[in-house]
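Below, subunit A partners subunit B and then partners subunit C, in two separate complexes.
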Partner chain A sequence: MQGKGPPRSLWERLGEIDYRWLYALSLVLMVIPILRPFGLPTVVSEPTKGYYKAIVDLPPGSVVAVSFGSSLALLDEQEAQFIATWKVYFQHDLKVIFYCTYADSMIILNEELDKIVKPESYGKAYGVDYVRLPYAPLGESGEAAFATNIRGVYPTDIYGTPLDEIPMMKDINDHRGIDLIHFQYTSCTDVEFVIRQWVVPYGKKAIITTLGCCGPMAAPYYPTQIKGFLSGSGMGTELEVLSGNPGPGAVMSDAKNLGILGLLLFLLLGNISYIGKKFGGKG
Partner chain B sequence: MKVNFWEILGAWVGAFFVISVMTMLWKDNPYFRFGQQAIIGATIAHMVLFNMKNVINMALIPISKGQLLLIIPFILGLMTYTRLLKDYAWIAKYPTSVLVGVGVGVMIAGTLRGQIIDQVKATVMDVFAATTATDTINGVIIAVGTVTAITFWIFTREHTGALGMSAKIGRVFLMISLGANWAGEEVWYLTQMIGRLIFLIEVFIKGALLGIA
Partner chain C sequence: MSFARRELPTIILTACGVLMLLAFFTPFEAFTTIKGTLTSWTIVVAATSTWLGFAYMSYAQYRMYQRNPTRIQLIYFITPFAFFSLFLIVGISFPGNVSSPQYLWLLSSIYQQVGATIYAVMFFTLASSAYRTFTVASIESIALLLGGVIYTLRQIPLFPVFAPWLVPVGEWILLVPNVGGGRGAVICAAMAALVVGIRTLWGKEMTMVEA
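And then the complex of A and B:
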């Protein structure tokens, strides 16, 4: 049984509020916009503008290589980014090579491309306008190998068709056949792969998409080494707005804007309690 | 929209595990532990199967078709498993050495130019190539932050005098940088939670339970 200790000060009691109340508050705040989206305005940032410009400035028929390393566990953070991006590719008549670098990424690629983006709805045909290459655990050495010899890493596409038999791949053997590299990753330091294996040796134009928490590590490379980047679902929403392709990002951004208030309250109370205990006497 | 049996089953199974993980917000419990262990087990099984398939497709089949050079990486791969045998664990050092050697060889040239020379150049250029007052101020802040943050990591001299002052300023920049990273992490977790709430509301409740998705 808990003994009757000395009376606790206001600051101590403030710091001991059951965290579950704050969780409950955050959950309620997050659910409201899901049930009734607000459509809060979105400000498009410079890296997103650079990202979009790098794509739309390419002449029609240019080839984009998408190094796709998304994970199912992190899908919510990136779905808005790549759905909007892939739509922009097909809207601007670019040819796309998708290659999967993570075990889950092939599942995501097939699902999202077939059920949501639907290249055929833009008049695009498989093998002529886009190609899907299967999962291979590339890492940095694999990216280097892909840039020097695509067939060495991926002899066939996901259906087992040799690349030589795919019309679009006929003259594409290495980095020389690629006009833009879109590097999509979930491990923050992987941004270095694209810098070291595509930008430095070949001066290739690069854009990247990653998680929100990886943004600060990608930012130093913009705009000198990467032309633009999207980190987190928020910047995915920005691309949806900028490109006029509404998608899953809008609801997510509304819920995030409201849900963060619970966390801010959490921080505020914790800090008031700490400062109060240190400087505020007994309270 | 008509929902088929497999989508409904998927929604139920997904909701079962999402809710099991969310119960941890209340407190640790057997439902949470079951969900956690089942998810970890399924993920590992998925990864193992995928990688086994890779070994078959990228090594065994090409070897059987006469690409005999691939036997070398295949054997190196097998050698890593000697770590499991105490007396032969030393053999695993060879494939590890190859991996490290190749990794370093592949990255070193790009690191020097891409991450050191070009970054230093961009830091300096930010100040001198600025066209507006805001850009100049930003450039100066970045340059000061970069230099002072680097001096914080100099441990071969005592942090006194000018070095001490610079290191102190650098520490402030590092704290701001870590704070920005941490904020990014928090927002990321929030996104994951919102994504699962959207799944529960749109797919499970509206789709599978009410049939109104």
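And then the complex of A and C:
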């Protein structure tokens, strides 16, 4: 219960706003762009350009290994990234090996690939142009194992077909058959898995996709160890724009526009209160 | 301490570490094959640890209920097992296993929504904590605040529309000071890891073997 102490200054009151008001304001700010998207222009950043260039510079028929570790709970951050990326792969006649490293990722892969990307609509056939390998809890040592002996980790594809019976996989069993590694992850420090197990020992070209908050941890490796990266739905939108494959990224970025504005407003209020209490007298 | 608890794990660790180093630093195919086999084993161990996790969770839940034998704690105790059983039974009972429509329904209607909600709630706690604690009390916090705010503003399409200068400044922060600091931190961590690695190979790193 509020006591009858001395009257509080403006600065003190500004620093003690009931945070449930802040929650409510955040909610409203996030909902507005979902109901009425802004459709704002997108500026493509350098890491996204590098990412796209690393893919489109590959000669047709090159093999891309997609280490797919996406999470259902974080789908909004990454869905735009991998849908646009996979479309680019098939548009540029690349062969793709998808392998799942997280429990949710096989389900996401099946849903997104079959219902949204639809490789068959690009004239691609399963087993000839792309392969799906099931879930295995790889981690860093698993990435090392995959790069050394694919059949040792995945003897069969998701349908239980032995890899030796899949035309595309006949001559591929380790890093020597891979031209580009696309590492997709949700834990910021995992970026080093691909560098330690693919880039340094075998000199493979690598690109990565991750969450918005993980971008700054990926940046130190760009453009030497990783040729490009996408972090968060914002950079997913950039790839959609750059590759001409519109998708879910624009809506997600819009929703975050005003949501972040609320966060910045709270930062501002908290600091005005702090500075006011320190230097502004009673206010 | 017994041989089995101290020397044996150290010998295994050292042997594995040396074999990995030989695979990295020598051109012999045999070491590469050994590396492949050993790293494949770790995947099997990781898969097995699911059940170890289940055992730990069961024990922890049981201990919590023992300490606080109330009805609400009983509900907390039962809930994880109920959902574990539900997902396990549905996952192995229908044709297609984890790709069956029934399992996919459970995932999209329960698991995905709960997971997304947890992350969404984090936004609110983040906003609240930013308001209460992210104050410009020192030079370091001012630098962190400015860098963070400019980079965040650059990432959101709304702001570069009104302030185009945010694009080059945001990218400069990401690709110059962030890269400089980040690489320094990575090198420091790598040096520390090197020391721990050498100590482990030498059998001096007791944290790896002692309980």
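Heads up, the rule we're going with is that the second predicted complex is superposed on the first by the 281 of 283 C-alpha atoms of A that agree within 3 Å, B and C clash if a C-alpha of one lies under 4 Å from a C-alpha of the other, contacts with A are read in each partner's own complex, and residues count from 1 in each chain.
The rule we apply is simple: a residue touches a chain if its C-beta (ideal position, glycine included) is under 8 Å from a C-beta of that chain, and two chains touch if they have at least 3 such contacts.
Because the structure is a prediction, the values reported are computed rather than measured.
Engineer: Considering only the touch criterion stated at the top, classify A:V96 as touching first (subunit B), second (subunit C), both, or neither.
Structural biologist: neither
Engineer: Kindly classify A:G232 by the partners it touches after superposition: subunit B alone (first), subunit C alone (second), both, or neither?
Structural biologist: A:G232 contacts both subunit B and subunit C.
Engineer: Report for A:G212: first if it touches subunit B alone, second if subunit C alone, otherwise both or neither.
Structural biologist: both
Engineer: By the touch definition at the top of the document, which applies to A:L35: first (subunit B), second (subunit C), both, or neither?
Structural biologist: Touch partner of A:L35: subunit B, not subunit C.
Engineer: Once the shared chain is lined up, is A:D76 touching subunit B (first), subunit C (second), both, or neither of them?
Structural biologist: It touches subunit B and subunit C both.
Engineer: Name the contact category of A:N149: first (subunit B only), second (subunit C only), both, or neither.
Structural biologist: The second partner, subunit C, only.
Engineer: By the touch definition at the top of the document, which applies to A:L163: first (subunit B), second (subunit C), both, or neither?
Structural biologist: neither
Engineer: Does subunit B (first) or subunit C (second) touch A:L133, or do both, or does neither?
Structural biologist: neither
Engineer: On subunit A, which partner's contacts cover more residues, subunit B's or subunit C's?
Structural biologist: Partner touching more subunit A residues in the overlay: C.
Engineer: Would you please give the residues of subunit A that touch subunit B in one complex and also touch subunit C in the other complex?
Structural biologist: 23, 73-76, 104, 136-137, 141, 144, 192, 201, 212, 215-217, 220, 232, 234, 256, 259-260, 263
Engineer: Considering the complex alone, what residue numbers of subunit A touch subunit C?
Structural biologist: 15, 17, 19, 22-23, 26, 38, 40-43, 45-47, 71-76, 104, 106-107, 110-111, 136-139, 141-142, 144-145, 148-149, 152-153, 158, 192, 201, 212, 215-217, 219-220, 222, 232, 234-235, 237, 253-254, 256-264, 266-267, 269-271, 274-275
Engineer: Where on subunit B does subunit A make contact in their complex?
Structural biologist: Residues 25-26, 43, 46-47, 50-51, 54, 57-58, 62, 102-103, 106-107, 109-111, 113-115, 118-119, 121-122, 125, 177, 180-181, 184-188, 190-198, 201-202.
Engineer: Would you tell me which residues of subunit A are touching subunit B in their complex?
Structural biologist: On the subunit A side, the touching residues are 20, 23, 27, 30-31, 34-35, 73-77, 103-104, 134-137, 140-141, 144, 155, 192, 195-197, 199-201, 211-217, 220, 224-225, 231-234, 248, 251-252, 255-256, 259-260, 263.
Engineer: Considering only the defined contacts, which subunit C positions touch subunit A in the complex?
Structural biologist: Residues in contact with subunit A: 24, 32-33, 35-40, 42-43, 46-47, 98-99, 104, 107-108, 111-112, 114-116, 118-119, 123-124, 126-128, 130-137, 145, 149, 151-153, 155-158, 160-161, 167, 171, 174-175, 178-179, 182-183, 186.
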